[in-house]
Structure formats: structure tokens, C-alpha cells
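Pasting the structures in now, so scroll down.
Each of the next two complexes has chain A plus one more chain, namely chain B in the first and chain C in the second.
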Partner chain A sequence: MKDSLKNVKYIEKDKILDFIKVLQKDYTVIAPKKVKDFVLFGELKDNEEPYLDFLNSRQSPKEFYFPQTETIVEYEGIIDKRVPKFSENDMKKRIIFGIRPCDVKSTLILDKLFVNEDYIDDYYKRLRDNTLIFSFGCNNPKTTCFCASFECGPFSEEGSDAFITDIGDKFIIEGITEQGNKIIDKLPDGDGGMLKKKKEIKKNSDNVVSCIENIQKIPEKLRGMFENPVWEEISERCLGCGVCTYLCPTCHCFDIQDEMIGEDGRRVKNWDSCMFPIFTLHGSGHQPREFRFQRMRQRIMHKFNYYEENFNIIACSGCGRCVTECPVNIDVREILEKIKKL
Partner chain B sequence: MIKNSYIPIPVKVDKIRFETEDKLIKTFDLVFMDKEEEKAFRYYPGQFAELSILGKGESPIGIASSPTESGFLRFTVMKVGVVTTALHNFDEGAIMGVRGPLGNWYPIEEMKGKNVVIVGGGFAFTTLRSLLIYMLDKKNRKNYGEITCIYGARTPGLLCYRDELKEWEKRKDMSLYQCIDWKFGAEGPIEEAAVEGWEPINLKEPSKTKIKKDIKKFTAFVPQLVSAVKPGAKDSYAIVCGPPIMIKFTIPVLTELGFPPERIINSLENRMKCGIGKCGRCNIGPKYVCKDGPVFSLKELEKLPKEY
Partner chain C sequence: MEKIDKKIREIASKLLKEGKVKLIIGFEKGTLPLKARPTFVRKPEEVEKLIWSSLCENNLAVYIPFYRKQLDNAEKIGVIAKGCDTRSLILHIQENIAKREQIVIIGVPCEGMLDRKKIEREVTPGIITESTENDDSITVKGNGFEKTLKKKDFLCEDCIICSHRKPIVYDEIVDIEIKEPEGVDVLNKVNEFESKEPEERWKAFTEEVSRCIRCYACRNACPACYCNECFVDCSRPQWLGTTVDSETDLQLFQIIRTFHLAGRCVNCGSCSRACPMDIDISLLVSKLSTDAKQYFGYETGVDIEGKPVLNKYSEDDSNEGFFEER
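Moving on, here comes the complex of A and B:
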């Protein structure tokens, strides 16, 4: 019987640091950490334990493949003699430990944009190729979570190398990919009782997490809605602060900027936001998205129609960050429900 | 060096000249520092490149040279903001970078065996020059039917490539019609030559203008001149590049002449950064102008939201 459980391992909760130390021999471990009142992902230092008693992190760990600021090239010297310098150091492999299924789903969504047959973003690809994912099931989905709408869910294993579940006194870790299995191989084997516990927890989570029914119909619905007056209504309160896009694990828009200190400089990719007018402003002064409603329309259309048209997947995983952090309580779930009814 | 799509290829600014009399537009000929890079840079008329000045930034600029002219890449650039001003301040010999070739190109394959009508306005003639040079190339000319070019600017001194225009005027294997804007009085345009030698067309009813055989320079707005010249739509493609207002008024004229939307071709501009469909900046609906464009047929544009 034990054989069928060879991919299921467990760790006592008070042994978690020992396991992290084993991982750190070969990998940089990125895990949730408590930073003041928030939980954020960061690299674990020596003897640092991950903080696993959280619902979700304030920011998704997307910055570990798509950093907020990332150097493209460096250069020096006078302006009309500069040539790009680019060096790629060997990179230690990384494990993102404790990432929630919605954020894993978002990673899979971003993969389609950054690595495809048209062009490859080599910076993204390198970080992504060197990262393993140990995702973490959600025992207590937040009221703002709606991951179940998107072929995801609090216990979705898609995209994980190994999957962690909190079953009270222990974590069970299930190997999903070959690499994941290899890494957890030395942990003690789990048993049927543990899996049964997980099943119950999962069932409960699946029951409480919210789901926008028939979300797959939204892209088609939006197709003819570009000129609909609803966009003005939806964006009435919007301040254009851009928080929703910065916190979104699938937003991928960026700017390219040059930064100089004396005669040394670097060119960087910086996160940017379609909620800002300068995003589309031409040098000539022409502005294709003059009004806030046009920018809101772009955000919703991009996620729920354009992205789906280009990559066959909606660019949302239901993490709910835009819902919790919008200063004027604009709720994308309400927007989608409204669109469905039109 | 490891190749990736964000890293500019070093080039040297070989020649610089003023293109227009207002001195706001300059043409730059760039040569690759590395022959291998030059060979790898295979492009077609209509494509663009990011001109890269380390420390200032990058600007997407249409490639004005034709792949049939080897040894240099040509760009004609208006001084607008940060990057283009830095470029205008360069002297010959400066080192800079290019990224590309980017985007799609004019339908040079589909147009084989067809007539081609080029309609250009102002300094947006850059990639049209590339196309024209390409089609007029000895090896390529036989592949295309009649070539008609209608090109206008506000004044004669604002036309680009004036030396070449003089050569094209003389060619037997193409027809070139040039125009400059009307002079304005209190009541609007005045129906007379704005500059001597630039024959006024019929202002009220441009299509009634009698085009005399050896007159090829007119006082007219570009859309009016198209309507006066009446290029045949049968088996023809129209390639239109210019300021938005010119495009707006030219399209109905072409449509009236019988050009179907799939044979009216435009090149669009949007603010860009990455040029490779990643940074999310240049989309019109689901299409990225940088990667799926900049060349679109009117038929394709009709399917997209009017957000450009």
C-alpha cells in the first residue's frame, strides 16, 4: 500500500527550518516573510524560517521572474561612443516556497506572453528556467479570492513542482514533477490518513472559495462591447492610481528607461501601468487614451478579451489583490458580473 | 556577447544631412560595426527599428533604406523629444545602436503582378521610399505593374528626398505626382498656385481637374490630388502613409475609386518601448502595432477598435 504514496512526504511543523536548510544547500529559497504588518516573499537568510501562517502575500512573487526594475544593459563613457555591456553571471537555482495556487497560475499566464514563438524575453526566461515552484494549498481562502473561476482553485497543483498542504501539526508535501520528487525524496513518507485530512481541507476550501460562474463566456461577451457606455460607469470612481495593476500578478506592462550616474549608466525595464495617461502619449502630443474610462476599458479588455484572443487564456487568476487594495473599492468581480448581465 | 532582443546592435553614424528646409528633419545613414551583424539584419520595406542612444533611450523609426541598397541603414527622423533631439545633436562618426528589424512589412509578395499606388504626406514618406526603391530595383521592377506615386507636403522645401524626387520625375517606369498645400486667405484655401510652377487643381471639385500630360507638380491637398489623378483601382494596391488627417480624407477617395479595403494599406504609429509585443504599450485591441503591425490593411483596421 505504501508504494502508492511514494510521492507523498511530510514534515513536522517544528522541523520546517531543517528542511529549508537542506534545500538551501543547492537552492536559493524564496518564501513568505513577515514584514511589519504584511507578508511578502523574499529570500530566506541562514536560519530564517518561512512565515507560513498567512492568507496571501501583499504582493505576488511575480517580481522574482519579472523584477520591478531589471537591468537590460550597462554602459559608460561619452554619449556618442557608448556600447552596451551585458554580462550574465551563473545563477543559483531557486525555489519559490509557499506560493499560492493563484500566483502559480498567474506565472503560467505570464509565460505565454514572455516566452512564445514570436519573441522570447531572455531575462524573464532565465529567471523562470532557474526557478522551481513549491506551492501551498489554501486552507482559508479569503472572501476576495475567486480563483475557482479560472481552472484554478485553492488546491490547484498546475504548474507546481511540489505541493504543500498544512494539515494541522504537519505539512504534507507531494511531489508533482520529477525534479520536485527528487528534492523531497529524503523526507519521511506520508500515509493515507494524512491524505484523507488533506482531502477534507480541500473540500472545505473548494466550498467556501467564490467563483464567477461561466467566466469563459466573458471574452466573447466583451468582443462587441468596446463602444458600450458601461465603461464610463465602471470607471467613475477610479482615481487612476494604478495600484490594481502593480499588485496584479498577471500585469506585465513595463517601461524601458535609461538611468545615468555621472557617465555610468544602465538601461532598465521598469514596471509600468496602463492606468497612467503617459503610457500611451505620443511624442507629437497625440493621445489615443485620453480619458480614464478608456484606460479602465483597456485594463479589463486586455485581461478578459485581448489576452484570451492572443493566448487562449484569461489574464486573471482570481487572487483578489486589486479588490482588497483599490482605494475606492472598485471590485473586478462586480465589473464582470455587470458585463455578464449586459 | 549573448544575443537577446533588448540589446541594441552597435552602429556608426556614417552620414547626416538635413532633409527639409525647416531643419527639423535629418536623414542618418548608419553602418554596422560588425559585418556579421549587417548580414543578420535582413529587412523588408515597411519594417522599423528601435534607434538606441544609451543614456537617452530608444525611438521606433521606420527604415527608409531599401534592402536592395546594401552597406547602410537609412533613417529620416524628426526632432521631437529626448531621443530624437540627442540624435539630431550627433555628428558623423558617433556610435549608437539599433534593434530590429521589427514589425511586419508592406505586402511585397501579394502585390506582385499588381499596380501599386503610393500615397504619402510630409515626412511619413520614409518607408514609402524604401518600398519605391525596392520596387524600382532592376531585379524587382518586372514583378510589379504600373507604379504611381502621389506625394505632398506643406511647402516644396518640406518634401523629403528632393534629389531622388527629381530622378523619379524623369523615370518612364513610374508616374510621380507631387503637391504642396494651398495658400490660405480669410475664406480658406485660395485657388491659385501656392508657389510658381505648382499648378492649382480644381479646388471645388478635385476630380474634375484636367491633368495635363507633362504637368506633375500641383497645388492641392494630397487627398484632392488622389481624386484628381484617379489612379485605377483594378488590380491595384494603395499604400497610404502620412499624418492622420491626410489618411482620414484619402481613404474615402480611394474607396470611391474602387479600392477594396483589403487593398488599401496603412502604416500605423503608436507609442512604443519594447518593439516585440511584451511591454503592453502599443496595442489596438488584441493587436500590437510593434509586432502585428505597423502595416495593416484597411480591412484589418476595420475589425479593430478605433483607439489610435
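Moving on, here comes the complex of A and C:
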């Protein structure tokens, strides 16, 4: 990013709502919100403040590009009167405000699959194109954060339009892209002192956050491991639920279903999970991934080998959600270390 | 705790050496500060990893149906089991998943498991990096703080109301003195909710369930949910839509699942603990447990000789549960 574009602004913490209101004139603002004792991203309503005192959201915000349920087409009668669920430009632009760097990285990872030379997923692209990213540096990485392993980090700006840092009494907001700069233009200018504070915070976070060394070696290592007995060992405690994959910011498998009443209906895309016993169950009743070890292998291989082979990037950003929320504490960091040692 | 660990390892090692079982399911230390996790031991030299603590929250009976093939081959499985685990094991035996002699139960009396999320909340914004457990307290440490908490204040919701902490049946037992708490009953939890107006209850239920992401962790963590094909997965006929934008489907999923657990749930709370959206789904099933108790004097898995409540009929059965007018 060119330095000349770089624009440092600040905002007093108690003025955050005013800023949100300004944004809401032109944009739908999606931000962290407190739900019971945790945080989820959601659309801010009028006069609703974002909840910025959080480590990371329980679920990743991927649903805003890749909704868990998305109608692809609605139809009347037998398929000939198809109405796509959207017309080209009817969407209000959005800002995802306060998204963590790992989740931005994941978005970049997903872009490679959904928008590439061979194939463009119009549904994804439309949501993605209409969304600006105001990402938020992490002053307190969790013990389960390992973003530093993936050319990311608690203050990684890659993929952001603007970058927010909590420096105590204020937030500083740095414009990264032209669009980002334009939006924050009216905010008061920050100064060198503020940037210095940010630098200190960043240094601390970079020191704290974990990193899996030599992660680049994993894809190659996995290439010869399809038949390895380690998969059975790793998966024996797995319950086959959807927690790891549904909280994951990069998992992207989906299933297509028709919902019909009489001859009218809709075709929907739903998230699917390779950990479910019915994932890839054939109509014939044959199940190529009958056992849990085959499904666990699919999850790990897909992220750390197949995806890398296809798109030259590992499909993990180290957010640690699968680690903290797995009901039986299956820890992908441990799996990777194990694989490295084999 | 160390004493219990030692005893568990002794028993496990003996069973494996004598060839009484091929596999023992127990707990090991997890990778996170407040986590113990299920583990699988097949060789006597592996027993060293077995532990016991107030963090052994999973109901290990959930794994039994995964070994149906082995059980069909007359293999035996050892399970380290607290009160609720033994109740679920009894359910499995009554439902013919395994024969009694195929499950070697290593009983451990339980003093209630700790709720990791409650403890984390207590020390927020601190991030816990370490925990050590003593008899009735747990000490957690993290970035610049250290706190000792009384265990009894941080029990899992369903452990608070558990009145069967001692293993119901066992083949081996780790002897520790515990008292079943007095005056606790699943009813306590249900009554509180039931005392609300119907509209309020429906609102609470629908609000909670609207967060459901259909990850099915509640189902998969449940020892009683072991159908080969769950009704939510069935596509011919399709009982239920598969989306998350239909609130009705989310509600129906939980309502139907609840009915499938009538007289089968042991109130271990595994479903609620597994839920990544913190939906306290066990409350719903608890209602049916209290009904079973109230109308039929039945509690799941407390009498290995008895029959499950829905498998028997008696002329003296109360009709109230069916015909009560509201």
C-alpha cells in the first residue's frame, strides 16, 4: 500500500456511536454485538453501539459473504419460470466494522475459491463486492490465537479498507484503501503520539500471539499421508458435530436443496460439514467416508493440503475457534504438530 | 485428585493386563486450561494418561454406539463413569446396544463438574492460562491475576440439580466418600421456568432457539441420540427443512428431539455444554424427565432391572400425563 494514501484519524471512545450513525447514512453497518455472554457479528440497528470490548466473536463473520442459508432461485411451476433471488444492484453497501485480522485473512482465502479465473460464484461476489472492511487490531490475543502462523497477525492490515486500533481512550482509524480513506476523511487527524502508542500495543500482541513454526511444510507432508493410521487416532474422540466447521471462518462446503410446495418453490444453499455422517452420502446409500477418521482426514487434508494445492494458500487463519469450542477438545494445533513429527 | 488418578490407573491397567477389556474410555488432560477430554486406552502402558478432575464433563457413554461392531463381536469395553454416565450406560443396556457384561464400568463418584464458561466469565477480562484443582476449590491463573474459586459456586447447571452422583452400577469402583446432595431435583430447574406465563416461556424458547446454527453438537454429544439416521438428516421422507432461515424448522428440531428423549434423558447436561451458541437446551428435555417422574415414578437409568418407562404398560399408570387439560 502506498504511504501517501495512508491517513491516520482518531475518534474518542464515547463518540463511536456518532461515527456509526454517519456511516449508516450510506452503509449498513455490521459489527460485533453482545449476545448473552459472548459476541456475534450482526447488523447494527438505529442507535445501537458496537460492542468493541471483545477478543473475538464466537462465530466467524463469514456468513455475511457466505450465508448459512441462501436462496439461489425461486420458481413457479416446473423450473421454466425461474426468478433469481437478486437483481444486479439492489443491495445497500455494507461495512463490516471491527472484524479481526484473522477473519479478514479468511475472507481473502475464501475469495480464491469463490471468485477465480475458472469460476465466479455470483452470490458470493455480489456480497463481497458490496462490503467494505474496517478491521480491528487485537490488543489481547487469546491463548488459542495462532494467526501469526499464516502470514497474518493481530495487527495485519491485509484486506482491510481501514484499520482500527484501541489505544485506551481513543480508537485510531487508519485508511488503507482509497474508499476507506474517503469514508474516514471527516474524522479529526491523529498524530505521531497515537501511532507510537499503537506501535507499542502491536509489539506486545505480536509477542504474545502463537505461531506454528514451519506451517508451510504441512501441505507437502500431508501428501503422502492419506493412508496413515494417525487419522484414526486423532478422530477417535470426535463426535461428528458441526461445531468446528460451522464456527470456522474458511470452511465453505454447502449443500443444495429444493423446498417446494406443490410445484412452486425455492432452491437453497445451506452450509454443510464434512464432519457430519451424512456428508457425501450418495443417493445409492453408498458412503465413501463412512468412518469418523475418513471425515477428520477430509477436514485436515482439505484445509492444509488440497486447498493449498488448488489455490496456493492454506485454508486456515489461526482464529482458534475450533480449538476453544470443540466439545471434546480436538485441537488442530496439536494435530498439526503431530503431523509435523511423523 | 492424584489419589483418584492413581486408583483409576491401577484398575485400568489390571483390566487390560488380565484381558478383561480391549479398550478403556476415560479422561485425559486437555490442551486448554479448563479442559479434560475423552481418551481411549488400549495398552497397559498408556494408562498413565488417565486422569480424574472436576473438568471431566463429557458423558462418556456417548461413545458406546460407535463401537457397535466390536460389541457385536462380543468385545468388552471399559468405561470410567460418574453417576450420569452409568445411567446412560444402563439406558444403552436396556435398549440392547450392549449387554451388561460387555460394559465394564469403573465407577467414580462425582462431586459435580465445573462450568468452564462460568469460570471464564468470573475472571473476565483476564485470560486463563493455567488452573489447579484442590478439594473444594480451583485456582486459575492468567495474565497478571490469580484467583481461587469455590467449586460449588461454579458447577454446571445440570450438576447443581443432580441427585445421582454416585455410580448406579459398577464392576470396579474408586472409593471416595461423597454425599448425594439433599433437596435437589431436576424439578427445581423446570419449576422455575414453568412458573412463568406461557407467552413468556414461548418467547424465551423461540429467542434461544433462534440462535441455533444446526451444528447438531447437542445431538451428537448426547448418549441417547444414537439413531442410525436422525430424523433431521432423513431425506426420504424429509421430516424437516434444512435451512436456518425458517424459525419453525429450528423450533421443530428441538421439540421433536426432545420427544425422542422422553424417559431416556439422564439430565447430564451434555447437550447444553456442547452448544456453541450457549442455548440451554437441556431445560426442554428436563421437563419430560420430570413428567416421567411425576406421572410414572420413573427415572432414567437408575434401575438396571427395570424397563424404560415407554416400554412398559401398567393398568395403574396414571392417565394424567396424557389427558390433563390445560
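Here, the second predicted complex is superposed on the first by the 319 of 342 C-alpha atoms of A that agree within 3 Å, B and C clash if a C-alpha of one lies under 4 Å from a C-alpha of the other, contacts with A are read in each partner's own complex, and residues count from 1 in each chain.
Please note the rule applied: a residue touches a chain if its C-beta (ideal position, glycine included) is under 8 Å from a C-beta of that chain, and two chains touch if they have at least 3 such contacts.
Please read all numbers here as calculations on a predicted model, not as lab measurements.
Superposition of the two structures on chain A shows chain C fitting alongside chain B with no clash. In the superposed model, the vertex angle chain B-chain A-chain C (Cα centres) comes to 90 degrees (nearest 10). When the two complexes are overlaid on their common chain A, residue A:F114 makes contact with chain B while staying clear of chain C. Of the two partner chains placed around the shared chain by superposition, chain B is the only one that A:R267 touches, whereas chain C remains out of contact. Once the two complexes are laid over each other on the shared chain, residue contacts for A:D255 go to chain B and to chain C alike.
Fitting both structures onto chain A leaves chain B and chain C with a minimum C-alpha separation of 7 Å.
In the superposition on chain A, the residues of chain A contacting both chain B and chain C are 255, 257. Across the complex, chain A is touched by residues 1-2, 4-8, 10, 13, 53-59, 80-81, 84, 86, 90-91, 93-97, 244, 269-271, 273-274, 276-281, 283-286, 291, 305, 307-308 of chain B.
Touching chain C in their complex are the following residues of chain A: 35-38, 53, 55, 58-59, 68-69, 140, 142-144, 236-237, 239-243, 246-247, 255, 257, 259, 268, 270, 273, 276-278, 292, 323-325, 327-329, 331, 333-334. Interface residues of chain A, counted against chain B in their complex, comprise 72-73, 75, 79-84, 86, 88, 113-114, 118-123, 226-227, 252-258, 260, 265, 267, 269, 272, 274, 279-284, 286, 288-289, 294, 298, 301-302, 305-306, 309-310. Residues of chain C that touch chain A in their complex: 30-33, 35, 37-40, 58, 62-63, 66, 117, 121, 125, 127, 129, 211, 213-217, 219-221, 233, 241-245, 270, 273-274, 276-278.
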